[in-house]
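Shared chain: chain A. Partners: chain B in the first complex, chain C in the second.
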Partner chain A sequence: MAGEVSGMTDISGAMITAPVAAADWLVIAPVVVPLVFGALLLMFRHEMRWHGIVAMIGLAILVGVDAALLKRVLAEGPLAMTMGRWLPPFGISFTADALGAVFALTAGVVALICAVFSFRDIGVSGRRYGFYPFLMLMMAGVSGAFLTGDIFNLYVWFEVFVIASFGLLILGSEKAQIDGATKYAILNLVGTTLFLIATAYLYGTFGTLNMADIARKADGLRGTGPLMTLATLYLLAFGMKAAAFPVNFWLPASYHTPRIVIAALFGALLTKIGVYALLRTLVMLFPVERGILAETIGWVAAATMILGVLGALAQADTRRAFGFLVISSVGVMLAGLALGSETGLSGTIFYAVHSMLTMGALYMLAGMMREFGGSFSLHELGGLYRLSPLLTAIAFLLVLAAAGLPPASGLWPKILLVKAALEASAWWLAGAILLTGFLTTIAMGRIFLLAFWRDAPAVDGRHVTAAATGSRSLGQGVLIAFAVPILLIGIVPEPVIRIAAQAAHGLLESAPYIQAVFPAGGG
Partner chain B sequence: MEPVFAALVGLFFAVGIYLMLSKHVVRILLGVVIFGNAVNLLIFTAGRILREVAAIIPEGADTPVGPISNPLPQALILTAIVISFSFFAFLLVLAYRAYQEIGTDDTDGMRVAEPAGEPLPPIGY
Partner chain C sequence: MRTLIFRTAAPYLSSLMLLFSVFVLLRGHNEPGGGFIGGLIAVSAFAILGIAHGVPAVRRAMYFHPMAVSGFGLLLSALSGLLSFVYEVPFLTGIWTSVHLLGMEVDFSTVMFFDIGVYLVVVGSITSIALALEEREDN
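What follows is the complex of A and B.
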């Protein structure tokens, strides 16, 4: 930090003097693209005819840059770009590694598929209330959270996507939405405030907010700093964001209330950001403390996965049942965090990819079941097999995917997790994962049985006659777009396993990540 | 100076959490505000308090002369204040709308999204 007092000041000690290579802008492109498109949509908010198309273009570009970033990170290792020319740790470093890039890409793909369905699901009033700008700004927050290398900046991106999600949640201003949104908003605000508390203590202890800097300084501070307190606070704060038991009650209160495409986006993306942040802080920044907390995390994981699926068993409303399945899937991901081995973490990362696709698809399925059967309630649904064999086939695939049965994508991450649990001789955790799979088969199988196989129950005015056939084929197309990757990953899991293993390895061996931020080793 | 601030932060947290434990949305929101301010003070204290030494480099020098107060916590707090302020504005409107729609600010009565006594799914057919 020392500068020289002379005529010409040498700023290379404090500032980056070389211009950023054009290719390195790729690191922040996943944030810039949705931000620019979100701002564009806000400027042209009265031209609602164009909103959907502009948003689709924006999301397609987002998926493109996410894919390019992932390809580059897999080939070259972590990439960093520091803002404002200040040398890290003073400038905010965006740091993309395999973990962040694979999460960002999956999130982008899910958002793109969901946006297609929004053509049908979001009417004129939804567009007037700003569905598409909110969607783009939420994606900016989501991508930012996955790619930032600064823990305070992570807080800011959390707030960006949370406030955009508020706007999406109350789109339509129905009674149930306002009720659900009140609980969602207050509890999420408390969650991010806890995150900020932990960050304040972290700054007081480390004097830095740069994650790479924290990772390399943690060993030196382990004897004197309250690192255990920090790790526990992060576990609580991000556990709340991820909807882990016992801080999960905001999720079933709110996720079934918004429009189906918004519920699908939330169920697919938002809880996974909590899981991502847990992986980043506990595995990369505080590995020793994670080891001490492993037993606790394991019990939280087991309780979350089993209580989640038991909640799903008790629900007659398909959307609420799927909300509980989202909680259950978070429990399965936390199991890998509890184990902490490379196999376990790859299982978690793979499961997160699978879960983003499957949970998005499940909410879409609930929407299409209502389209054909006229209801979300299992008491009123029935006879859907006769109405749409195609929907039935997709639904059956999703039953297998959610339950973790072949040939869908849920099988392989569960194998990895069970294998890791048995390697660590945590038989109870392996048992919990298998029991959850069994109970999920029952919960999903019953929904399939009641809605698709049995004859339509005799309730008057059951069928929605007003829905146009065009919209149905759009919805089925969207479901096929979800089903294809789910099936493909299930049949050819090798590439995803390899990426997940590389991401897990990058978390455990943070030297390349630190090297990317501090190429000279200084700072 | 830090111990005094630490005690104050603790007091703010206690008041904030006490209010958030209430059943009434208005009190919860007041609790949220105090909770947020407790965090702001916490960041301020965590950045070490050094009174009356502004972080300004004198003319003719390239580095500050002697110890200066830490400017970074103020930037962090400013960010946090802006965010929590906008959240609070949104939550106030949301709580008012909820009161208008549901007719109560008692969380026990807010059972529209999760109605009490919903039937279990059918056992068979």
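What follows is the complex of A and C.
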């Protein structure tokens, strides 16, 4: 039935005629799986007892297909599928390379761990407001953004996950949440509008939206097209999404308001999509323009990482402090983008993987600290070491991870970045990365000292008592689920370094990516 | 707004609009129309009924919760894309078949089911917003 038209007319000039093997569906599965599960959860929104289980099954399948996709991409190179049989660049291509696949896998793992944590964090009202459907639809958007090979489609996935994140942000409808969500929504919409304007301009210039097509046409248009304007617009738009200084104000205004598990998801995933989009557009599509912008990006990176960590030092609320650390980590990732060498980019990619795990874990640590200490405020927390040695051990590991000290995973990407900076004789950037590591040690050490080591302070003549809700062992188990990969990557970094290097190589040498979309070289 | 004339006319008007929305949905394959605009027309029908007879009447008339309708639409659209898996063609490829129905050739395609899914997503989500706003007005 499908091919009945081909019997009469020759459609090979307009459509893909080669059959698609079942294994090729891996490239689209990370989007379809959460979409189908999100739709099912929406349909049965009143069967709230089953929501958590169904969402977990969906996310476990997502992690499975993400892992299979990464394995295949690492072995065989980029994998592409163009929707609706239309030949690229007319059909929308999904193109998974090592970069997209490794980001998608890490995001899936973080979402799965967050879903386990949500069992205790999201009550009946959160479920009624639709936490799980929003979570699944957000993951569809996140996976789509990482795997799409079409720049307008990337915009669509940005919208999908941003709209789902609006819903998650106001879960509970508290005044502070509405306030934070308004700032988040307006500033994000400004960012997406810039993205849309840049994309319209790009389409006017290139006449194509397919990223592989743009990459191969960029050289020919460099003399005549406004590529520098496009690159700058994308830098601003995605810099806003990634919360880079000076367009980062939406993040500290909103990330401390939602439920802890939602803050963990946002802190882990959303800014990294901005970083991913920056890597994809500036390194793969506009490499020459990135070179011209390199100095600007470098200063933006240095300012973001240092001002971020200074913000973290000044905060008394653990969630606010971790929000500033998210900004600081984005600055570190931008350093690799500024350097643009293969070592620098693999440092950025490795750091993004590390940061997704660590930032998710930090927010959950804030949640567990409140569980034991009864507060998010460092003025009221204290004596947690006595209450839970296990939590203290995990917290100590996370201090090391955030600061980039051994044996946690933060050390190796920073070494790669500093090495790349010194190779490019950008000593000031290397200095900024090291200074940020030092300041992060102080910021995290301060939280650790105040909350864990000192005795519980007496507030208003009484000791703050723990809020005894939910099961603590589940929360600690979830933190261990974060701590194990952080520690493992810290001790055995070679596989991740290899994957990151392959991903960085794929960005710099886009020929296999283009080859995957246009196997015949035509189009 | 609840005048006798409006209340009497609203059910007829709504049913006509719903019928028209289905017409717009189905003609949308090759002519102006389609799931999105058809869905919006259907939402207007529910909104008019809501203004005239109150939100509970609309909820009873819809039977399913609007968000469940939109979830079903999303599922239908996704599944109509997934049918390509069986035919070894890429995701969302249009697959056609024709059936003899009451002495006529009727064409069915995944494209049509995708569009019906879009229709239901629009109907469900926008009706849910409209009803929430109208409910607030009522209180």
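Definition applied: the second predicted complex is superposed on the first by the 503 of 523 C-alpha atoms of A that agree within 3 Å, B and C clash if a C-alpha of one lies under 4 Å from a C-alpha of the other, contacts with A are read in each partner's own complex, and residues count from 1 in each chain.
Here is the rule we go by: a contact is a pair of C-beta atoms (placed from the backbone, for glycine too) under 8 Å apart; a residue touches a chain by one contact, two chains touch by 3 or more.
The shown structure was predicted, so the numbers you read here are calculated from the model rather than taken from an experiment.
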Contacts of A:Gly180 with chain B and chain C, given as first, second, both or neither: first
Which of chain B and chain C A:Ala21 touches, first, second, both or neither: second
Touched partner set for A:Leu450, first chain B, second chain C, both or neither: first
Partner chain in contact with A:Glu159 - chain B first, chain C second, else both or neither: first
Chain B versus chain C, judged by how many residues of chain A each one touches: B
Contacts of A:Gly38 with chain B and chain C, given as first, second, both or neither: second
Contact residues of chain A, present in both the chain B and the chain C interface: 1-4
Complex interface listing, chain C residues touching chain A: 65, 67-68, 70-75, 78-79, 81-82, 84-85, 87-97
Of chain A, residues touching chain C in the complex: 1-4, 16, 19-22, 25, 28, 32, 35-36, 38-46, 81-85, 91, 94, 130, 133
Chain A - residues contacting chain B, complex: 1-5, 9, 152, 156, 159, 163, 166, 170, 173, 175-183, 185-186, 189-190, 193, 196-197, 199-201, 203-204, 252-254, 256-257, 313-317, 378-379, 382, 446, 450, 454, 457
Contacting residues of chain B [partner chain A, same complex]: 20, 25, 28-29, 32, 35-36, 39, 42-43, 45-48, 60-63, 72-73, 76, 79-80, 83-84, 86-87, 90-91, 94-95, 97-98, 101-102, 107, 110-114, 118-122, 125
